[in-house]
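Both complexes shown next keep chain A, but they swap its partner, so chain B is in the first and chain C is in the second.
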Partner chain A sequence: MAGSALRRLMAEYKQLTLNPPEGIIAGPINEENFFEWEALITGPEGTCFEGGVFPAKLVFPSDYPLSPPKMQFTCEMFHPNIYADGRVCISILHAPGDDPMGYESSAERWSPVQSVEKILLSVVSMLAEPNDESGANVDAAKMWREDRAEFNRIAEKIVRKTLGLS
Partner chain B sequence: MRAASITFISLALTTAVVGNAFYLKKQFYPSVVYITKSNPSMAVIYIQALVVVVLIGKLMQKVFFGQLRAAEFEHLADRSWYAVTETCLAFTLFRDDFAPRFVAQFILLLFLKAFHWLAEDRVDFMERSPIISWLFHLRVISLMFVLSLLDLYFVNHAYLSTVSGGASAQIVFGFEYMILLMIVLNIAIKYVLHTIDLNSDNPWDNKAVFLLYTEVVMGMFKVVLYVTFLIIMVRIFTLPLFLFRPMYYTLRSFRKAINDVILSRRAIRNMNTLYPDATPEELSAADNVCIICREEMHSASKKLPCNHIFHTSCLRSWFQRQQTCPTCRLNILRIPGDRNTAANQAANAEGQAQHAPDVPPVPHPGLPNPFLNGVFPGMFPFWQQQFNLQPPNQLPNQAPPPTGQPGQSTQTNPAGQASTSVTAGATTGTAPGVQPGPNVMPVPPFPPMPPGFGLPFFCPPFPPAPPPFAVPPPMPPPGLATLSDEELRRLESAARDGVAARLQCLQNIQQLLDAAVLLMQQYSNAAATASAASVTSVPQPPPSSSTSPDTGTGVATTPTPTTSTTPSPHVTVTSNTTQNVAQAEEKQPSVSLSPGSPSSSRSNEEKGNSSGLTHSIRPDGSGPSSSSNQTVTSAPSPEQDEIRRRRLQKFSGIPESLD
Partner chain C sequence: MSTIGIQQLFREERFPTGWRLIPLLLYSPFGLLLAFLRSFIGFQVLLAAAFVPHVSFIKSMILKTLCFTLGIVVREECEEKCDESAQVIVTNHISMLDYIPIHLLSGCVTPGRWDAPSAWALSLKSWGHGDTLLANVRAHLSNSETPVLIQPEGATTSGTTGLLKFESWPLETATRVQPAVIRVWRPAMADIAVTVVAASELWDIFFYLFVPFTVFTVRYLNVVELHKDETPAHGMERIEAAVAQDLGIRTTKFTAKDKMEYEKRYLAELYRPVAIANGAAALRLQPTGAQLLRMSNQVKEVLPNVPLDAIRRDLARTWDVDLTITNILEGLVPFVPEGQGPAIPTRSQRPAPDQMPAASSSRKTVQSGSLTFQERKAKMIEEARKKYIEKHGLQLSSSSVS
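Showing the complex of A and B:
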């Protein structure tokens, strides 16, 4: 019998393949290693990221689901809650106890109840509604607050880039 | 490409050097002597040797590992960097011995270390890959065999040379290879455990525990080795700087391993003593999927005080990290150890679940419904039984039950705060006119409990009042057999606070008795007059605002019997009863009111989601991370509203599909 982390990841993969949530595709990069996944997220409709398809990489720890995975966009992103190198900063991905921004309550942290699907849905909603309180990308947070038009313009450029249009 | 060109250049240089020597000297021995005397020639030969070593390494890697994975390569690069710097530090220590042979030995050591790291990574990979081929097993087994043989040989060699030639740099090698031997042993144990797990058909729950203990034992060996090494080095040579980083990491991981074992043991103990096994009915009634591993629960499942059910092994490994319920984040350590019946515990938990609106309770049809008699949920389950058994007018027998039971029932969960304020509001015998406000106050979902408040001791009924003692003795359980020695000692503590706590407990009992007698007198008066002349209107004296927390201490629980023994809220009262009685009656609706709100919230929750899956992703699709945005962003314009509404529609279907 394989390890519990592996079995759970396989179960989640099956679930995601059978009932894929709208606008999200995710699965292991290589079926020999279930601990590194690739995900494609479509930008939520009605936001500045609409129409974009954003690739991201998920790396799971060996004690998943007791510890959260790490998520990193592999395309260029400009968003208040995404670091310049693409790492995603949302509370659902932080284990209780480590709090990089010092504001998250433990109720919204990682717990084994969460899943890949919920993480990706949270990321979609994060794309739709950035939280400019936790500035993973301070420039983006500032622009989101003060110069929304410019922010939308940059987001659109990124969307076009992910689609290979420019 | 670059590696190939370097290899080629070095080969060409060597050929040139050797050819040149033969060309000059014509014979074997003179040319060898010529090469060893000439520094440039020797440099070329050394470079060639290095290249050959690297090539052999590559070959070994191909044989034993095949293609390296990216993560393995990264690990290797990181660790090699540290190992090289440490080797350079070690060179400074042995600069007198500095010789090609010495350098060669260090390079060999580095090489073997690299293979140990790779083997470690490979064995860890076993847990991650669904496909483990026979080639993998063959490679790992042969690698471990070769590595352990080499380590043993070098340890032996170092030992012999130290014994015969006295202390030298060989001590360092001896210790290094000893530590490598430990690593091989550790890898082998892990490999065996993983293999057993892979070949068994059922999940092996205890593997994690075995791994933990292996970690501790191996960590201990390593720490002992390092400390001995350090002492010997300091005595013979000087402070070995190169030793500090690995020693620090070993100590740290050893500490972590010990910590893990302690936490794990605590989790196991809690699991065995505090939480009941889930019964087959409960398993079939609920969703029957362990939310941690997403697999069905057939056996070995535990139910937490919040009624959530998990696999025992899943729960144990989670409790090693955190002592909260994975679903509702109820802090399980703050709930005092309830060693009474499981039903009592479940009733308390049910009361708590009602009061935390964010917690979707798992329905449990087998549980007694604490709402049936209109008593506050989960509070005073024993009182209810007791007073239902006894006729209401036996005054002296109405003494409160042994404090163990109120102690249990005032166990403070979020419900406890509200309910104690209810009872405080009803203590009209000694503290008249407490405002009945608190009992309808909404209770925050997960309020942080004051540290002393949740202890299994009879706390004063006023929530703001600080607990009387920081460390009260535990409640007397029904049977002493269930107590550990340590708990027994705590129970009989002769320390000052232990004695004081016992005294306080007795005083509380006395106050409770007095209050109960007083109240029952008033009650019998009221009942007598009520039966004589029935009056429909209840006088409403204005509630006085002030109350002294001191006088009310310990009387809190007494009115509850009146509520349970008089189920009809419209008890008739004559106008000539005392004001106290009138107030006691006035409080009654408020007492019976209070279960109303939680029960309604409960039904709402049951209508919505009962599996607890959707608690972090709200149906509106905004994840927990973005929940704070809505207040931060500027006032939404109509089209933003429209967008949000559309998104709501889009995502509202998802949580249901999750269930």
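Showing the complex of A and C:
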């Protein structure tokens, strides 16, 4: 099975290399291991994360694309849908049936028709519009709802950190 | 009884490998010239054979000229065992032209597939198949003194590993049979196999014309006589064993039909990737060079340390980028990795506002040299930082925050 997963990953990498979505690059950390990728995501313009370049790690299962990859930011993040350790909590990364929060519609779940590119684009829109019902980071969600100015200030700090400008 | 696989009975590669290829390459200009001249002469001779009177003296002259043009040299061994009263000659089968040396030595005729006007000169008789063939051979033997050559394997082998199973019908035509063993030798500088698995006869003939000469050694074995109350099949087994023993190889249970099946499978295997990519391949039956270039660049971007010519070789078979990537990853494509090239191919760092077409982007890749993934990352961060400072600087001056 790993053979078809590898083939699929190679094809996706090829696609991402040929037609990269704006502000995103992704690829295997090491060509020897196509099951571990690194991605850089630029914070979307007009949001509190604007201008930041956020590194993340993607780990693919051997039965990819039947199972979704796992994604984890490797920089400091403060966001309602990102755990303190950087793990990303969005519906596209969850297979239908495993729903830790119990409120995701299965339409936006992981399925083999999704792709790395779609995941990364979803993460970009997640950065732009946090889902404050998700409890991945309760403090961030609460601050997002109640003290947006403070949230923006923390986000700004993180953006600078990712650029080495703190 | 036999542990020989059918694939071991035949040669797959026509040409020698390794350093032995060098003399062949040096020889090849002469070979081509020789082949050209010989094919010209050979064609004239065959043409002439169709019109001259059917006289045995002319026939032997034509055969000798053909032998000369084909570069066939005949050696005879153990002539003392040759018994001319045995009208049926049975040999192993090495090449499609095996019958020519035997014809020269014994003046025999052969059931052949040719029905051309000049076939008489080659002593080929179109005698049909199966029972018709058997009847025709019997009729010939009762009416004529001319011996008949039969190659009971029904198909060629390399003659170095094992024999195909002998058919038993030659012993149904006569009770006394003259077995003989054929060996083929070509000089070391042009050591090209006389035939290979699934070879076309035209290529076989071409290489007869190409090499300086081909030596056929015919070695007679003791005449085999069918004992009373011995079946032809059993008698044939004795002949088979004798031939195998003389060649120093083994007998097998494979038949000419098995060989046909094997050749079919071999060809199917050879073109397997095309069969898988059938749908796509059908759409682009005649891909252009530009297409091949574009596809090989796509593969190259994914696997930068694979040389382009290795990629192209496989693409020429598959016509499918993904399939070729898979083949390379699964180690089906032999290649020498290119030096410490970039681990990962480059892309222009800032995607153009409108998306660039793939072709122009890959050209850009070639021009701008290659960047590793790490370099691409560093560049992306650097650019974002500059942009941020620029923007932030503006903000600082306008709103004087922090």
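Everything that follows uses one rule, which is that the second predicted complex is superposed on the first by the 164 of 166 C-alpha atoms of A that agree within 3 Å, B and C clash if a C-alpha of one lies under 4 Å from a C-alpha of the other, contacts with A are read in each partner's own complex, and residues count from 1 in each chain.
Everything below uses one rule, namely that a residue touches a chain if its C-beta (ideal position, glycine included) is under 8 Å from a C-beta of that chain, and two chains touch if they have at least 3 such contacts.
Predicted model only: the values in this text are computed from it and were never measured.
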Would you sort A:22 into first (chain B), second (chain C), both or neither based on which partner it touches? both
Classify the contacts of A:6 with the two partner chains as first (chain B alone), second (chain C alone), both, or neither. both
Under the stated touch criterion, which partner chain does A:31 make contact with: chain B (first), chain C (second), both, or neither? both
Looking at A:131, would you say it contacts chain B, chain C, both, or neither? Reply first, second, both or neither. first
Pick one for A:66: touches chain B only (first), chain C only (second), both, or neither. first
Which partner chains sit in contact with A:163 here, chain B, chain C, both or neither? Use first/second/both/neither. second
Go through the superposed model and pick first if A:40 touches only chain B, second if only chain C, both, or neither. second
When the two structures are laid over each other on chain A, which of chain B and chain C touches more residues of chain A? B
On chain A, what residues does chain B touch that chain C touches as well? 3, 6-7, 10-11, 19, 21-22, 31
Inside the complex, what are the residues of chain A that reach chain B? 1-8, 10-12, 19, 21-22, 31-35, 44-47, 62-63, 65-67, 81, 90-92, 95-97, 106-108, 111-114, 117-118, 121-126, 128-133
Could you please specify the touching residues of chain B with respect to chain A in the complex? 69, 124-125, 127-131, 194, 197-198, 200-204, 291-295, 313-314, 317-318, 321-322, 324, 326-327, 329, 446, 612-613, 615-617, 621-630, 632-633, 643, 646-647, 650-651, 654, 657-658
Can you list the chain C residues touching chain A in their complex? 298, 301-302, 305, 321-322, 325-326, 329-330, 343-345, 347, 351, 355, 358, 361-362, 373, 376-377, 380-381, 384-385, 387-389, 391
Can you check the complex and tell me which residues of chain A touch chain C? 3, 6-7, 10-11, 13-14, 17-23, 25, 27-31, 38, 40, 42, 51-53, 55, 159-160, 162-165
